[in-house]
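One chain, chain A, appears in both complexes that follow, with chain B as partner in the first and chain C in the second.
Moving on to the complex of A and B:
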């Protein structure tokens, strides 16, 4: 079992980088590794609990029919998956970035930290990847 | 010797600095390092059969292993790859990270 740290920066609904990051986390958990995710800048909104689904008027789909997936649900699913696989998934937000964006209300299991925590995660990891914005 | 996993997420037609990333991969490979270039998202566009990308041309057949994310290939309906590129699950990136490879994302 290894420990892998991912740094992510893209906000929700903006970039293909986000699903790729989610896929990396899922694959690492599936393989039995511990994972640290440090969310910086816009990525701190990924776990924002206030995200809401919406209907799709263009396609005439109701909210239930559209069943639009919000990133907060993916974060919750990954935390649940880690618990099921009995590996550690730390999902840590930069606190200053959270405050700037007013996204203090996060799904259960997301914690708050600082770049110092990111440095500690990296120091204690076998592998580190930073997925930056453009 | 070090291990590197270099992840390319952009196509050569959307980013002018892609050539520098390819060149870094090539030079790390020439330095007797173990280098994997993993193409993901629009990065896989350069891997499709018939695509012309001088920077990738210079890597293929060399010391750098070139992989293309199978999920990104399916999303873009790319079924046939250029010689020298292998379709791969993202699991291979996880294996490299878990094994201590140094990772770079572009």
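Moving on to the complex of A and C:
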């Protein structure tokens, strides 16, 4: 079992990098590895609890039919998946980035940290991936 | 009333989270509101016109994601009588042949883009 640290920067609803990051985390958990996720800048909004589903008139879909996949639900699902697989998933936000964006209300299980925490996660990891933004 | 042309180049940018392409969606919403709009797919976005694409099956833990249905969305654009074009040169560079395209999507050579722009009053580049 290895420990992996993954840095994410892109905000939700903006980039294909986000699903890629979630897929990497899911794959690592599935293979039994511990994962530290450090969200920096816009990525701190991924776990924002205020995200809401909506109907979609262009699709002709109700709220239930659209079943919009908000990333806060992906964060919750991955934290539950890690618990089920008995591996450790840390989902840590840059606290200052959270404050700047007013996204303090996060789903349960998400913590606050600093670049020093990110560095400590890296030091304690077998591998580090940073998916930077453009 | 002004005629609008949406030129879409950026492709599959946030389609998993949005469940559609936001530029296609925005243009369709303009049409629903009464605007006169057309769409030009260029660059990687020409793949939106391919009929056999399928992004379903993604799942994060217990959360299944339906995924975007670009075929549904482009077919809806065609049914809405929104003229939609794809740049033939960009299709050819990606190995996409005309039989793979959603019926109703017109192709035009890169050299014809200027004339298409001339035929519209306002251009939105995405």
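Simple rule for what comes next: the second predicted complex is superposed on the first by the 134 of 134 C-alpha atoms of A that agree within 3 Å, B and C clash if a C-alpha of one lies under 4 Å from a C-alpha of the other, contacts with A are read in each partner's own complex, and residues count from 1 in each chain.
Assume contacts are C-beta pairs under 8 Å (C-beta built on N, C-alpha and C of every residue); 3 or more make two chains touch, one makes a residue touch a chain.
Since this is a predicted model, take the numbers as computed values, not measurements.
> Who does A:16 touch here: chain B (first), chain C (second), both, or neither?
both
> Please name the chain, chain B or chain C, that touches the greater number of residues in chain A.
Per-residue touch count on chain A favours C.
> Given the touch rule stated above, what does A:54 touch, chain B (first), chain C (second), both, or neither?
It touches nothing on chain B or chain C.
> In the overlay, answer first, second, both or neither for which of chain B and chain C A:127 touches.
first
> Which partner does A:69 reach: the first (chain B), the second (chain C), both, or neither?
In the superposed model, A:69 contacts chain C only, not chain B.
> Identify the partner contact of A:77: answer first if only chain B is touched, second if only chain C is, both if each is, neither if none is.
second
> Can you list the residues of chain A that touch chain B in one structure and chain C in the other?
The answer is residues 16, 23 of chain A.
> How about chain B: which of its residues touch chain A in the complex?
Residues of chain B touching chain A: 7, 9, 40-42, 71, 89-91, 93-101, 103, 105.
> Along chain A, where are the residues that touch chain C in the complex?
12-16, 18-19, 22-23, 25-26, 29, 56-59, 66-71, 73-74, 76-78, 80-81, 84
> Where on chain A is chain B touching in the complex?
2, 4, 16-17, 20, 23-24, 27-28, 30-31, 33, 126-132
> Give the list of chain C residues in touch with chain A in this complex.
Touch residues, chain C against chain A: 12-20, 25, 28-29, 32, 58-63, 65-66, 72-73, 76.
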